[in-house]
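Look at the two complexes coming up: chain A is in both, with chain B in one and chain C in the other.
Take a look at the complex of A and B:
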């Protein structure tokens, strides 16, 4: 079987998975909630005590993207995987000349495409709101507001969206990895959420490691920092969008992208390691 | 021996160890890719003080700590801090202020208002708890003021790690020395520091000179005000007229001969 044929099969599985995912009520309702929340950020601004209006809206939008995106990435991936198992469609599919790795890759790509749609919608809504508020501020303050250049770098909103999408990729791959040895959807979702929390907070362990004295604890914390990917790396909202002292260099973005891709592929391969032994 | 090796539990343990080893190797391999990027990202993120949040991790705070909604969560917690302040629950107030400033150390509002609550309000509560202003001896009141002021200073010092050029934080420390501790010498030091920061209000320098006068350092105050008058811009906010009046007062007090008096 050639690589082209294999690619076609992965594409077909991904396409079907994506269509199935888009039709899910869960995706639509979560998307609606997220859009509503981002759109209502101007309302929540009345609870703000320090940051400027545009900064607050941006923080709020980025928070919604991270929070709801993480929920969607885990639940959608787990659901899409276990739907095939419970409906026995996986059995039919794998009875044909389809490798288990192709099945996993197809499922992952379908879920990842779904996350791309979600990320795009949220970043577009956020950009729209920022544009609206920026126009209102400029109308109020006049051209003086733009004396030091534009207030918002809209490209950065999409850059943040892209980096979050890379993170969702790792998260979806981790979910697939957990699903590959788990028997239930619920177990997969719970374990994946714990993995998310650990990955998000592992930098604290690394910080603690640097201040520890030599010993088994230091070794353990060092290992912990290596085993789990560092999700905090993608938390770059403070360095984007506005004129900040330390702008995110392109090389850093490239490194983050490479890091995300490596971990995504690695977790899919680890999922394959479990899944190939699994009785369906 | 072979049957032991094929035991499902052993097989499963081996698989788990293989996965862990693979992830460990992956972590080592990706370190050269990740570490330089992490250095840059970390430098741009507010430091997270775990001690301040560990007691509240079970209260839905994880979402905030994870990176999303950190600002809005801090805002809502600040509203809760005000409720705690209204109840005069000083132990909880301290914890809440630390929590809010840890979650979002960017707005100076949290630091300044938090330090005001600690330095000005809590001593009143503690004095009332001990029987009120009439019952508590003056010396004890001063001890309580000092204890609370020190806590507020610690908070402001932490704030200065995040905002080292923020004049308002230096002013806040000076005001606590001046208004709560009645310590003119230390207050003067902090008003001077505040006046040297970018965007400092003009009154910081004037108060510094007044505090020098209060300490009897008239000659020093005179020299400082003359220098200040020369440096200040001709803006109505700079109140150069007031400075000139004070220079003139000091010249009278110091008995400066007419021919040596300051001429702007």
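Take a look at the complex of A and C:
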């Protein structure tokens, strides 16, 4: 079977997965709540006009993107996977000349496409609010507000969105991996959230590793640091949007993208190993 | 010798159950062959291993021991499924797609060439009698319609082997009869059909050969007629016989060394009776409608 045929199958499965996902009330509700929260950020802060306001809105927006994006990434991936298993549409599909890896890749891409829409909408809303508030500040303070350059680098807002999307990709792949050996949706969601917390705090293991002497403990902590991706790497919002002095180098962005892709592919391949033996 | 459509050799499947991993044997040393262009019935009560056997044939489960081949190719290979169409029991499909979109989706999954897709989709939809409802969303289909559109997706890539898991479960007798007609049509087109069911009356008139499974083991296998006919008895169906005539027949049978074992009234099966009655009602209804239409046309013409 050719690579083109394989690609077509993955694309078809991803397309139906995405359609199933956007039809879910959960996605639409979460998207609405996130947009409302980001849009209302300007009412939450104290009336501290100046660059502090923009920083607050940005932090609020990035926080909402991470928080709701993580929830959506885990729950949508788990639900889309178990819907197929419980409704037995997976049985009909895998009875065709479809590899299990193609099925998993299609599920992942469908969920990842959903996260792209979510990230894009939140980033657009955030950029719109920042632009509105920036215009108000410039009108109030005059041209001197822009003396050190633009207050916000809007390209970087989208770059941050892209990096978060890469992170959601790893999270969706981790969820798919957990789902591949789990029997229930709930178990998958709970374990995936634990994995998210571990990945968020993984830097502690790395810090501990750097201070350890050679030995099996150091090897163990090093192994842990390797198995779980470090999500703190993706938290570069401040440096991206506001730090005029130190712009994030393109090579760093590329390396972060590669880091995300490697972990995503690794977890999908691990999911495939489990899924191959799973009864459908 | 022609390669059999399915060859199962000494197949055993164990499942690990519970935390301690106790073994549950679903299929036990099963060996059977399904010939090309045959309608083969896999019969057995619930839990007899029919669905597990089908999943192993489809390569969805790995056997614990033994082997399974589809037209000479190991069934675990994905490429072996190119020649297989499958209709699962109580199929569920994406509800928001129309019947045509659904069949088209599966045609593309099976890599039906783009230039042939429209023709392939239309012809299978026509074959299963869903042309009028093909534009409707799958979510609005009745159970019988779901089975038929399921059959269409199983056939859209023109497989040589069609596997139907309980195709008539939950379907009314009319729907079941329609599915049986499609299965016969498939045989006429040279296809091999493997179907599993526990509704024996529906299988009886359909299958060339059957295998009966119980607790994962093969109990009996053979041609339906060979299995069910009483080899040492013959039946005469007689009409208009008087009591004197009957006595004479009995005397003749005795004189010829025979023995009249039982006398029964020939009867239709309830399925056949139901279908006959419904078809009569349908014909009468159609004739009445036609007459009403003609009368309306006549009045319009005279006006």
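Everything that follows uses one rule, which is that the second predicted complex is superposed on the first by the 267 of 280 C-alpha atoms of A that agree within 3 Å, B and C clash if a C-alpha of one lies under 4 Å from a C-alpha of the other, contacts with A are read in each partner's own complex, and residues count from 1 in each chain.
In this section, contacts are C-beta pairs under 8 Å (C-beta built on N, C-alpha and C of every residue); 3 or more make two chains touch, one makes a residue touch a chain.
These numbers were taken from a predicted model, which means no experiment stands behind them.
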*Look at where chain B and chain C land on chain A after superposing the complexes, then choose clash or fit.*
fit
*Have a look at where A:236 lands relative to chain B and chain C in the superposition and call it first, second, both or neither.*
first
*asked:* A:158 in the overlay: touching chain B, chain C, both, or neither? Say first, second, both or neither.
replied: neither
*Quick one: classify A:193 as touching chain B (first), chain C (second), both or neither.*
neither
_Superposed model, chain A: greater residue contact from chain B or chain C_ = B
*asked:* Which partner chains sit in contact with A:209 here, chain B, chain C, both or neither? Use first/second/both/neither.
replied: neither
_Nearest 10 degrees is fine: what angle do the Cα centroids of chain B and chain C make about that of chain A?_
160
*Of the partners chain B and chain C, which touch A:279 in the superposed model: first, second, both, neither?*
second
*Rounded to the nearest Å, state the minimum C-alpha distance from chain B to chain C in the superposed three-chain model.*
6
*Take the contacts of chain A with chain B and those with chain C, and give the residues found in both.*
none
*What does chain A use to touch chain C in their complex?*
1, 5, 8-9, 12-13, 16, 19-20, 23, 87-89, 91-99, 277, 279-280
*Across the complex, what residues on chain C touch chain A?*
15, 55, 58, 60-62, 78-79, 81-82, 84, 86, 88, 90-94, 96, 105-106, 108-111, 150, 153, 157, 163
*Any idea which chain B residues touch chain A in the complex?*
15, 18-20, 22-24, 26-31, 33-34, 36-38, 40-46, 48, 50, 62-63, 65-72, 75-76, 78-79, 104, 106-110
_Residues of chain A touching chain B in the complex_ = 44, 47-51, 56, 59-60, 62-67, 196-197, 200-201, 203-204, 223, 225-230, 232-233, 235-239, 244, 246, 248-249, 251-252, 255-256, 258-259, 262-263, 266, 270, 273-274
